[in-house]
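In what follows, a structure is listed as structure tokens, so that the remarks can point back to it.
Per-chain numbering from 1; labels A, B, C, D, E and F assigned in written order.
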Amino acid sequence: MTLADHLPILPVAIPALAAPFALLVMRRRRALGINISLVSCLAMLASAIALMTQVSDGTILAYELGNWPAPFGIVLVADRLAAMMLVLAATLALIALLHAVVTRADRKGWHFHPLFQFQMMGLNGAFLTGDLFNLFVFFEVLLIASYGLMLHGQGPARLKAGLQYVVVNLVGSSLFLIALGLLYALTGTLNMADMGLRVAALAPEDQGLLRIAALLLVSVFALKAAVAPLHLWLVRTYAVSTPAVAALFAIMTKVGVYSLIRVVPQVFGDGAGAAAWVPAPYLLPAAMVSAGIGFAGVFVARSLSEQAAYLVIGSTGTLLIAVAGWQTATLGAALYYLVHSTIAAAALFLVAAVVARRRGGFADNASPGPDFADRSAVGLMFMLAAIAATGLPPLSGFIGKLMILKSVAALPDWGWAWGVILVTTLFGIIGFARVGSTLFWKRALSGEATAPAATRADLVAPAIALALLAALSAGAGWASAYANAAAAQVLDPALSARAVLGEVAQ
Amino acid sequence: MSVPLPLAEVIVSLLIVIGGSFALIGSWGLVRLPSLMERLHGPTKATTLGLGGMLLGSVAYFQLVRGEWTTHELLVSVFLFVTAPISANLIAKVHLHRLRLGEASEAAGPAGRPAPPTADTDWATHEAPHLGTPGDMAGD
Amino acid sequence: MTYEFLVASAIGVLVAGGIFLALRARTFQVVLGLTLLSYAVNLFLFASGRLVLNRPPIWDKAVTEYTDPLPQALVLTAIVITFGMTAFVVILALRSFLESGSDHVDGDTVTGDAQDSLASDDTHGERP
Amino acid sequence: MIEYALGFGFVALGLALALNLWRLLKGPGVTDRILALDTMVINIIGIIVLAGIAGGSGSSFEAALLLAMVGFVGTVAYAKFLLRGDIIE
Amino acid sequence: MAIPLTLITLVALPFLAALMIALLHDASRAVHSGIAGGASALGLGLLVMLAGPVIGGDVPSASWQWVPSLGLDLTLMVDPLGLLFGGLILGIGLLVVIFAHFYLYAGEATGRFFASLMLFQGAMLGIVIAGNVLLLLVFWELTSLSSFLLIGFWQHKAEARQGARMALAITGGGGLALIGGMVLLGLIAGSFDLATILERGDLVRASPLYPVMLGLILIGCFTKSAQFPFHFWLPHAMAAPTPVSAYLHSATMVKAGVFLLARLWPVLAGTEAFTVIVSSVGLVTMVFGAGVALFRHDLKSILAYSTISQLGLLVMLLGFSLEMAALAAVLHILNHAAFKAALFMSAGIVEHETGTRDIRRLGGLAKVMPITALIATLAAASMAGLPPLGGFISKELMLYQTPDLVLLGLPWLVPALATIGATLSVGYSLRLARHLFFGHPREAEPHARAHDPGFGMWAAPAVLTLLAVLLGLIPMLLAGPLVGAVTGAVIGGAAPEFDLALWHGVNLALILSLIAVAGGVLLLWQHARLLTLWERAGLPDAKQMYERTIGFADTWVRKAIVATHTPSLQRMLLASFAVIVALVIDGALVGGGVFTGTRLGLPASPPAIIAWVLLIAATAAVVNDSRNRFRVLIYISAIGLIVSLAFVRFSAPDLALTQISVEVVTILLLLLALNLLPKDPPLLSAAPRKWRDGALAIVGGVLIGGVAWAMLTRDPGASIAAYHLANAKPGGGGTNVVNVILVDFRAFDTLGEIIVLGIAGLGIFALLDTTAVGAAGARLRRWREDMPHSPERHPMMLLMASRIVLPLTLTVGIFLFLRGHNQPGGGFIAALVVAIAFLVQYLAAGFDWSDARRRFSEHRLIAWGVLTAMATGLGAVVFGANFLTSTFDYFTLPLIGEFELASAMLFDVGVFLTVFGAVMLALAQLSHIAQRAARAHAATLADEKDAP
Amino acid sequence: MSRLLPHPGLSVLLVVMWMVMVGDLTFGTLFLGLVLGFAIPLFTAPWWPGRPKVRYLSALGYCGLVVWDIIIANFEVAAIILFKPNRDLRPAWLAIPLELTSPEAITVFAGTISLTPGTVSSDISACGKYLLVHALHAPDPASEIAKVKARYEARLMRIFV
């Protein structure tokens, strides 16, 4: 066995090691802790990319923890989709961490870096695991870590929002457990691939329970993905979080989307009887409503961070519209747009932070303030971020939306989908134009120019994010091809079943 | 030990019955006795002889009937003997405290309220133990 | 009266109580509601292995029949996690009460609450 | 024979539990409720012990042991709360 | 130079220029304009190089793959149409740059200006030479964005910001419609390659989706080229600096719509729908624009509406679906570009010199600025369509075509309206020239300092006017071949025979244009009276409508959002629970299947039933009594007791142990918290809400309970647990299968689980670490115990007992840990027991006393615990096995006898450490925070005292 | 000696307890028990500062006595609960003057009183010289006090020197 054989465990193991070490050194030698955190993120990225290169040819790596054969032990499954999410998460983490360190946001408490690493461990684990209960565990890991991060810096606003966030997610976890119990009671297994096979063999008298379980499970994912009407928790939570954290949170809702994409075809595919493609009747309308609400929020929001928070809802809705098609093309489009929208939202949160840092008391509210440092540079960044957020050229959002529009056109009610997508985009454009022109063009008559920013280093992180979006747009050919391949792989559960359970299962 | 089975069964059953009855009596006392201080006596039965009986019964059963050496039931009794008085003591303290506060729900029993031991001191619940006296645990 | 009925109905009652309390406006009640819910959920998850009497999953040459051990392991994990979460939410509720002086779930100030001993003058909450 | 004894024991402890419940709900004093809870722990230990005998396995005695400890801690905590408010000061 | 390279450079040049200027934004104006002009000139040169062959009939094109899966390729091609527009964009661009260099005032951000200008130029150029419709869309939206920057260039002006926003909203929105239309077009035609699409016109027109597609595309075109009713953004775009207006509204921005109509003419044109919609919209716009222009007083506003009108003319011509009309359109595009740019620049000059654009304040400028007067007048004449200027020819052609189109079944309608339009345009053109330059000055002030600008400033308009003149004098020589080729490109075939000349003999067109001229003069003569009528009419202003619509949408959407999205936990949870209930019901109804399964039930024993009653009663008490918080805690622990009893009964000893120990810790935690929380505050919910929630709760309870029943009454199928049971001893080396699952089969879960607990500990620490400061600290210091307390801090008996309880409990803990692998117990339970043992110390002896004797740091315990667990996992990797692979063996020592060592035990140690650390951290932190807050405060006070 | 074995009695108790808990009489168990019996008191010594001198033999005798009393008294109290109506009940507060001084001794004394049914030691006086005991049925408090002091306190005086 070489290290390459253990590649799938690395994205989980690295942060799980880094976190306690950071915790040990944090109190006495902060700098060392920061370095541990940064190095760990780089290592994560490296391992994720290595994993991607391994699976990009379509191989599915199954890593049996403790050498216990699947489905009896826990197995990690690394396929194109998982690798993609891992790379995305690591990249985002690097950007967020960079911003946190540069802006010294990580110095408000003792536990930022350990929590951050644990958060990454939770995310990576959730992306890799092929076991439903293990997925629950990693959900909890990333949630509790996110509680800590979300409350980082504290203050009344965060505490209020945090309480709501935590309670809602606790209810979600309970729901998850009920669904799990039901599924185990019916199928007698926890391994997703195995469960997929067993679900297909269920007796007719169990179909009702099966459907209930499936619906509950899906609703848990919807709650995490903040799909209307389960989205109410998101806005305040994200708007009040420390910007670096909020930027990282951009991927948290995508975990729900990911789980949906991962579990539904694998477990509730064609063979699943009453639970076949179970979210079908609800997903599309819910997605449309989310998109509507999200961009309506962008349209009326009164501060950048609030806009960014609503954007998260809106973009998730948009990409779920595509997901609801459950076809290779639509799913491929959705995956490409998923990557884009995650980075775009992060960029917007970071720009909001940069603005707030420079405008003093005016923060990032959409109200005219005095002139501030690097106004035109920041303004340009905001414009690019807004372009990305609304999906205009030349950044990747445009290509993503084109892919979605084109692929969705094959669906029965494509008209609705198109209408929602196009109109919401318009709302976004108007909203961003208004806020941007007020923030960066209008000048308050009163109020002296705020002092020049202590550092310009905080411009780096958002710049990197925007550069990534440009790259994603330039390399859209490769990226979209990869996304489509990943989609095709996900939609053929037999592949992963074979990889996980071996030929015998077939 | 070699005890003929019937006898063993008799012993076990007897212990179980005694234990059960005392537990029941204790709880009955908890219900019927007039005020808290009296009720407080109920559980002590259940604790000591009630549980003790059943635990001994269990030991005897595994020992004599099944011939397995299981003694760790006794530990339960050990713990209870150590802890039960403390629980009773604290509950009594709370009662005295609330009695002094005049909580409506906390009625004095037939024994009335305890008089202070002497003129110049009061019970520890109402007056911090004097320095240097056994009750003075503030130093710890 | 079968054990199955007892357990199922108990789960139902706990869930009902949990939902009702979780929808109250005071943090403490919400916490209670979550506690009830977690009892119900643990029982439910445990029940997914069905009910078996006197067959603990302790391996023994003599015994051939065991209850399903897996749900027990899952519930154990679940209990631990729920404990951690509950602890966190309790502290969070307390903390936000201390910060805002209100134990309303949305941090709204409730008229008629005497608990807030802090005069409104010094609320220099965060230090930058 | 033992079966009958066990049956008696179970019924007795069951009744005891019921009586505790009555006291637990009725009060009147909060001390009565604490006491009821304390007694309940004892009775439940009893039930566990009897169940152990009935099931012929000692695997549940640790539960009894733990209950004995934990019941004590609970009572102490409640009492300390009522006496001092801050149970760990 | 190779064709592909040429094309890519052609497009890239402006963007590179923009980039350079942006990078050198601190450099002087000369540098900026130099780069911009140089880029434009270079591009123009390249285009000229291509001109010969293109007009000769071959279409240089190049293609690179970009997003194959999408059909979006980087295809560039220069056909005559592209050539014409490219020429206009670059040529006029160059002139505008020169003009702007002199026009811009000192101290203006020329860097930003020229960068945006180049950006825009690149986008425009991209539109006209894009060979792939999706690529065209990319550039299309880019023009909207860059024009946003240009129009808003004077950021401090409110109207500039509004104008920019409006332009972006309208054109960008139209662009979205266009995206839809183009994607549809591509899907219908089966390709997004422009050339391919242009060949498949019949296929497209036959498609059932054609109307939708047409509608979407037309919205795109109309918004861009300001057709009625989307025209209103254009006049407000005049807030931009004049060079920008000259560029956007003569040759580029607004022409993009016209260009697209022309580009897709072979595909779209010819159908009834196309002809009627396009031509009528164009007609209306033409007349409407001209009419408004006649009554404007702001120079640029007049030009703006004239632009609208002229664009209407072009659109109408293209809408005719006639080849000759197309030709006329092409010619007029050329003309309009020339005279309109010239006029804007002259307007800029006038404003620059006189400081006003209100023609009512100006007049007789011909004396003081003759050159400008000459240029502007000639250009205006061309706009009016007077001979011998280019405008005349194209208008002739237009009028000549009008009878061929019949709308509403009225053959005279189109010619009549066209003539009216022409008349009006004669009117406003003449009025413009006359008011500005002839008669005598109306106001002295602006007149005083007016004089001709330097050559640099009037050179550009001069060139354009010259072009306009020559287009009239020698049209065939100058533009004949080009127009022919372009027309061919537009109609997608050979251009019809045509001859461009001033004189075609007396025909309808001539008569009509004579009428127009006469009418124009008449209008000018009667203008004052007409003006009063017009102002009395007071037509609605589209801009206000727009503003109102946006404002309306904003207020109401915001109302709706605020109403629904004010963060309220109760609402969030209500939504969640409602969804859950609905879904369960759906599952039950749709899924079908039977409710009660076939499994035989186990008869319940009497104590069990009583315990059940107890649980129900306690739950009811919790709900009903939840106001008295302390009491509720007692009920809760009663419930916990019953649950653990259930675990014992249903043969789950490990669960019972866990439940019991977790129970007590939770209670301690709640008591600690409750000490500072209100003890029995009034309840808040009103009755109706209670009923609603109660109903929901009952439904939810019944549903979940029912599901549980359905589940419990079914026989389990084959479970993977069988494998665990079979392999626990041989494979995992332990007889307690649950524990083996936890530390071996599913150790990965446990790893996550302890991490959750560890994080919870850290989070709690972080939360409480800051209680001493800020509002919380202040509140804590003022916190008065709300119930009188007993003075005795440490009851003697308790303290004495605790000293013996500690070692006893520790022993039990170690015992539970060691046997965990084979009997109920294990690291987690042991950790909780040990934690409880220490907590008893804290309870009895107080925090300080006990904490002083503590020999461990919780943070380190957590860290080392996780590390230990990870180490066991990685240890396996070191030995080449998979992560968390366990091993075990039996050893025998003399005297001791045989005993087992399993690597899983080490993992369990990790569990123990983490859990113990987390629990201690949480509770120790929470204890006596009030005192600690006071202490911290005292300390800070002391520091402050020491400081000075 | 006292530093390595702070509480010899405790150590013995732990070893016995370990044997009882593990429930087999192999040498391995005993060895582990001895290790724990040595280590745990050492580890927990800081939490038990007092070093009471105890006569262990007489302590054992005392335990026997107490157990016997418990059994007897249980039946008495059971009789009271079952058959004596509340109106005939004569509960009383007894303030028992203490001659014991060490907290350990007093605690044991109070514990004994609580364990033997019919009496519950409720509180100690602030001066530490009196023990407040509640008797379920004490028609004659004085004799009750005398009995308790004679039967238990006297013996404890001899055990705790």
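FYI, a residue touches a chain if its C-beta (ideal position, glycine included) is under 8 Å from a C-beta of that chain, and two chains touch if they have at least 3 such contacts.
The shown structure was predicted, so the numbers you read here are calculated from the model rather than taken from an experiment.
Q: For chain C and chain E, what is the smallest step count along a path of chains that touch one another?
A: When the steps are counted carefully, the minimum from chain C to chain E is 1.
Q: Of the chains present, which has its C-alpha mean closest to the combined C-alpha mean?
A: A
Q: Look at the interfaces A-E and B-F and say which one is made up of more C-beta pairs in contact.
A: A-E
Q: Measuring between Cα centroids, what's the chain most distant from chain E?
A: Relative to chain E, the chain with the farthest C-alpha centre is F.
Q: Hey, how far is the Cα centre of chain E from the one of chain F, in Å?
A: 75
Q: On a C-alpha centroid basis, what's the spacing between chain B and chain E, in Å?
A: The mean C-alpha positions of chain B and chain E differ by 70 Å.
Q: Express in whole angstrom the distance between the two chain centres, defined as the mean CA positions of chain A and chain C.
A: 28
Q: Need the CA-centroid distance for the pair chain D / chain E, whole Å please.
A: Comparing mean C-alpha positions, chain E is 61 Å from chain D.
Q: Residues touching two or more other chains, restricted to chain C: which are they?
A: Residues 22, 27, 30, 40, 42, 44, 46-50, 53-54, 56, 58, 70, 77, 81, 84-86, 88, 92-93, 95, 99-100, 105-106, 125-126 of chain C touch two or more partner chains.
Q: Please set out, as single numbers or ranges, the residues of chain E touching at least two other chains.
A: Residues 567-569, 573, 577, 609, 649, 653, 674, 704, 711, 716, 719-721, 724, 745-746, 749, 753, 756, 759-760, 763, 767, 775, 790, 792-793, 795-799, 801, 804-805, 808, 812, 823-824, 845-846, 926 of chain E touch two or more partner chains.
Q: Taking each residue of chain A in turn, which ones touch at least two of the other chains?
A: 133, 137, 140, 144, 147, 151, 154, 156, 160, 163-164, 167, 171, 178, 181-182, 184-185, 190
Q: Using the contact rule from the top, write out all pairs of chains that touch.
A: A-C, A-E, B-D, B-E, B-F, C-D, C-E, D-E, E-F
Q: Given the complex with chain E, which residues does chain C contribute to the contact?
A: Within the complex, chain C touches chain E at residues 1-32, 35-36, 39-40, 42-44, 46-60, 66-70, 72-73, 75-77, 79-81, 83-88, 90-95, 97-101, 103-106, 110, 112-113, 115-119, 122-127.
Q: How about chain B: which of its residues touch chain F in the complex?
A: 22, 25-26, 28-29, 32-34, 37-38, 40-42, 44-45, 48-49, 69-72, 74-75, 78, 81-82, 84-86, 88-89, 92-93, 95-96, 109-112, 114-118, 121-130, 133-137, 140
Q: For the complex, which residues does chain B have touching chain E?
A: It is residues 75, 78-79, 82-83, 85-86, 89-90, 93, 97, 101, 124-129, 134-135, 137-138, 140 of chain B that touch chain E.
Q: Hey, which residues of chain A end up touching chain E in the complex?
A: Its residues touching chain E are 1, 6, 9, 13, 16-17, 19-21, 23-24, 27, 63-68, 71-74, 109-111, 114-115, 118, 121-122, 125, 133-134, 137-138, 140-141, 144-145, 147-148, 151-152, 154, 156, 160-161, 163-164, 167-168, 171-172, 175, 178, 181-182, 184-191, 194, 198, 204-216, 219, 223, 229-230, 232-233, 235-236, 274-275, 293, 296-297, 299-300, 332, 376, 383, 387, 392-394, 398-399, 401-403, 405-406, 409, 418, 422, 425-426, 429-430, 433-434, 437, 440-443, 476-477, 480-481, 484.
Q: Can you list the chain C residues touching chain A in their complex?
A: Contact set of chain C toward chain A: 22, 27, 30, 34, 37-38, 40-42, 44-50, 70-71, 74, 77-78, 81-82, 84-86, 88-89, 92-93, 95-96, 99-100, 105-107, 125-126.
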